[in-house]
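Below: the structure, in structure tokens.
The chains carry the letters A, B, C, D, E, F, G, H, I, J, K and L, assigned in the order they are written, with residues numbered from 1 in each.
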Amino acid sequence: MPTRAAESKDHVYKILDLVGSSEKSIEDAIQNALARAAKTIRDMKWFEVMQTRGDIENGAVRHYQVTLRVGFTLEG
Amino acid sequence: MPTRAAESKDHVYKILDLVGSSEKSIEDAIQNALARAAKTIRDMKWFEVMQTRGDIENGAVRHYQVTLRVGFTLEG
Amino acid sequence: MPTRAAESKDHVYKILDLVGSSEKSIEDAIQNALARAAKTIRDMKWFEVMQTRGDIENGAVRHYQVTLRVGFTLEG
Amino acid sequence: MPTRAAESKDHVYKILDLVGSSEKSIEDAIQNALARAAKTIRDMKWFEVMQTRGDIENGAVRHYQVTLRVGFTLEG
Amino acid sequence: MPTRAAESKDHVYKILDLVGSSEKSIEDAIQNALARAAKTIRDMKWFEVMQTRGDIENGAVRHYQVTLRVGFTLEG
Amino acid sequence: MPTRAAESKDHVYKILDLVGSSEKSIEDAIQNALARAAKTIRDMKWFEVMQTRGDIENGAVRHYQVTLRVGFTLEG
Amino acid sequence: MPTRAAESKDHVYKILDLVGSSEKSIEDAIQNALARAAKTIRDMKWFEVMQTRGDIENGAVRHYQVTLRVGFTLEG
Amino acid sequence: MPTRAAESKDHVYKILDLVGSSEKSIEDAIQNALARAAKTIRDMKWFEVMQTRGDIENGAVRHYQVTLRVGFTLEG
Amino acid sequence: MPTRAAESKDHVYKILDLVGSSEKSIEDAIQNALARAAKTIRDMKWFEVMQTRGDIENGAVRHYQVTLRVGFTLEG
Amino acid sequence: MPTRAAESKDHVYKILDLVGSSEKSIEDAIQNALARAAKTIRDMKWFEVMQTRGDIENGAVRHYQVTLRVGFTLEG
Amino acid sequence: MPTRAAESKDHVYKILDLVGSSEKSIEDAIQNALARAAKTIRDMKWFEVMQTRGDIENGAVRHYQVTLRVGFTLEG
Amino acid sequence: MPTRAAESKDHVYKILDLVGSSEKSIEDAIQNALARAAKTIRDMKWFEVMQTRGDIENGAVRHYQVTLRVGFTLEG
């Protein structure tokens, strides 16, 4: 993954593991997880999808469930 | 994995590996695989995406091919 | 894998993936899965534990859920 | 992963990694980790065993040490 | 994975895990597993070798044992 | 992997690793990577998704970044 | 891995891979492997479970077979 | 994993994932991550390097970026 | 990896991923891939088998398909 | 793993990692490794192929190099 | 890993696998690989360490050999 | 793996797993492990780093602990 050349200091990032879910799509499950995490975490920088799962009802997908690793900056 | 707290007995689940394909999207390939499996399997409960692939024609995706693990209940 | 030196022919084995669950222990979840599978499959030979999970209720384990691969002989 | 069909909203879960230890058994190490985590975290839903280790004293197991991933609900 | 550009519909494939064995070679163990599976499964399309093992007798290989994943078409 | 039964010779394929990105979706990131690669590579046959990541801005996905392995035929 | 802060020198450890078996439990298979290894190896410090398997007889577990990595101190 | 034989109780540890960066070396990136985490976490016991990456500027390493798992004691 | 003690400089190697196929054997598929690559690459030094697959026709192997990583020297 | 139902005691096995090489074939490299190990180890029971590599000379395989895990019985 | 939010278009990156070696250190092996690659590739952006190995002479490290994945921008 | 084209026979290598530690650096931990092993093993040829860990004291690295696989020649 591309990394930001313009940053000038030795940063430290923390990684948070989340599961987002959505009835619509994998992308929507990712967005839901990030939107919820953004309520308490500022400065989220990147994510990686670790696992994509879902539950099934009547032979169709009911929810997509996406496990994410999210990196965010630890302030000073 | 099933994690439903409300279930009262020690269930046993069987896992089936499927590849679904679709010209449209990853989600559609998942739904196609589940729809086909639902013709012969009742009580599918969850799935996990194991691999996402596809074939290419004229420099573009022709089919998405998604390998799923699907869990379903073994009746008593 | 079967490694029995005394067998005289080139056998073929099939592998089945199961999830057993138990409120008591990991070993009991394995035994439950095998007991259920033995209703329809003869000649199961070996298993391998692929994943150990569980669901939680009131801060304690409610069920252990063990994913097994089970090998059994395909008759002639 | 949570797969409860009866849940009506798009939930977000957070994952916590813990190591529990016990002199008695693997199951007891899991229970110790969950009991300790339950002091500060409500609504733990599922766990997955990531690694099972231990330390040895006088040629016997002194502690089992089990690394768990634990999922819990992030409130609204 | 099947990648045949000439196929016109959204196919679904099922995956079967087998162990074939042979006293002669790895390739022969693969062929034995496929020959046995072909008795009951039509339309096998591809395989992947997951593991190569064997048992030893008097310091030499007695059987090669090859674990395969085999994909075949689910009819209509 | 290519599995086309109709091909008559022992082909050799080369594998290329790419990262495509898109603000819209995972599928669009895949298509962007393939469209760019098609400028210089003929005869791309299949791809496999190796990793799905992204960068985050203001608590939402800014780009999806999908790492692909792409196989193409080496001529004669 | 050894993490004992109180140790004053740069130690070197050797790792030994063992399979212990037991008819009773996973923990008992671990203890059997360690007890046997303790006959010839002093100063075993830690273990890690690499694989849990077993053989099946009449549809039930006959032996649990646990593969361990064991670390021990290399003297001076 | 902590393997200290001298500890008398069944401890529980929490695991934290961090990324440290440094223009100088891999070891310095590890030290930077730990120094930053030590501002808020007491009793860190061990770490494991999960990934070593970096960004490149003008054909040379600009920062090493090391992903760590850090274990620390959860107080009673 | 190259491990030749007699080499006097700090070499740099490039890695190429190839898929060779053969109707005859796994070894022949490896040789086909190397022979094709040797047309344009000098100084190939080592290979590693990453995956062994194949396609099936009429219940038998039609082609073995072996994915290789090949290392070769980058000239000065 | 050994899975012999006829064995009456709780055995302990030791695992040895070897690399065998051969100019002829993968199977021959396995046999060479076992033949050499049999000079000092009695009662080898099973092996697993962990990695298949080789060195290249003049664009062709010079040696196949196969990494094996070999299990053997620890006497009483 | 942190990813660059400031980039305005949907970029495509290519990934190159390299092995760098050095008699001095792991970091020096990385720098050697990048310096050599920079002779023909502009716009390298990031790397990831995939494997760290080395050859041994007279019981000491002779060369560190570090396998890198390097990402660089594909121009428009 | 050894890839020395100049060797004339089909060699067999044995693999040894070690953990070296050092207060100074990762490279020093590797050298310490090799120096200790060289007391009893001649003809060590190559190593691979399997894991890099460490213990922490007062918020800083106390020891780096590096797990190595070491290959050495088995004499005739």
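Heads up, the rule we're going with is that a contact is a pair of C-beta atoms (placed from the backbone, for glycine too) under 8 Å apart; a residue touches a chain by one contact, two chains touch by 3 or more.
Worth saying up front: this structure is predicted, and the values here are computed from it rather than measured.
Between chain A and chain J, the least number of touching-chain steps is 3. Relative orientation of chain B and chain H, expressed as the C-alpha superposition rotation angle, is 120° to the nearest 5.
The chain with its C-alpha centre at the largest distance from the centre of chain H is E.
Repeating the A-B interface with over half of its contact pairs identical by residue number, the matching pair from H-L, A-D or G-L is H-L. The centroid of the Cα atoms in chain F and the matching centroid in chain L are 37 Å apart. If you average the CA atoms of chain D and of chain I, the two centres end up 43 Å from each other. Centroids built from CA atoms put chain H at 34 Å from chain F.
Put simply, the C-alpha centre of chain A and that of chain F have 23 angstrom between them. Residue positions of chain H with contacts to 2 or more other chains are 1-5, 17, 19, 25-26, 37, 45-46, 48, 53-56, 65. Across the interface of their complex, chain F is touched by residues 2-5, 7, 10-15, 17, 69, 71, 74 of chain K. Note for the complex: chain B touches chain A at residues 26-27, 30-31, 34-35, 37-38, 44-49, 70. Chain H makes touch with chain A in their complex at residues 16-23, 29, 32-33, 36-37, 53-57, 62-63, 65, 67. Across the complex, chain I meets chain E through its residues 25-26, 51-56, 58-61, 64.
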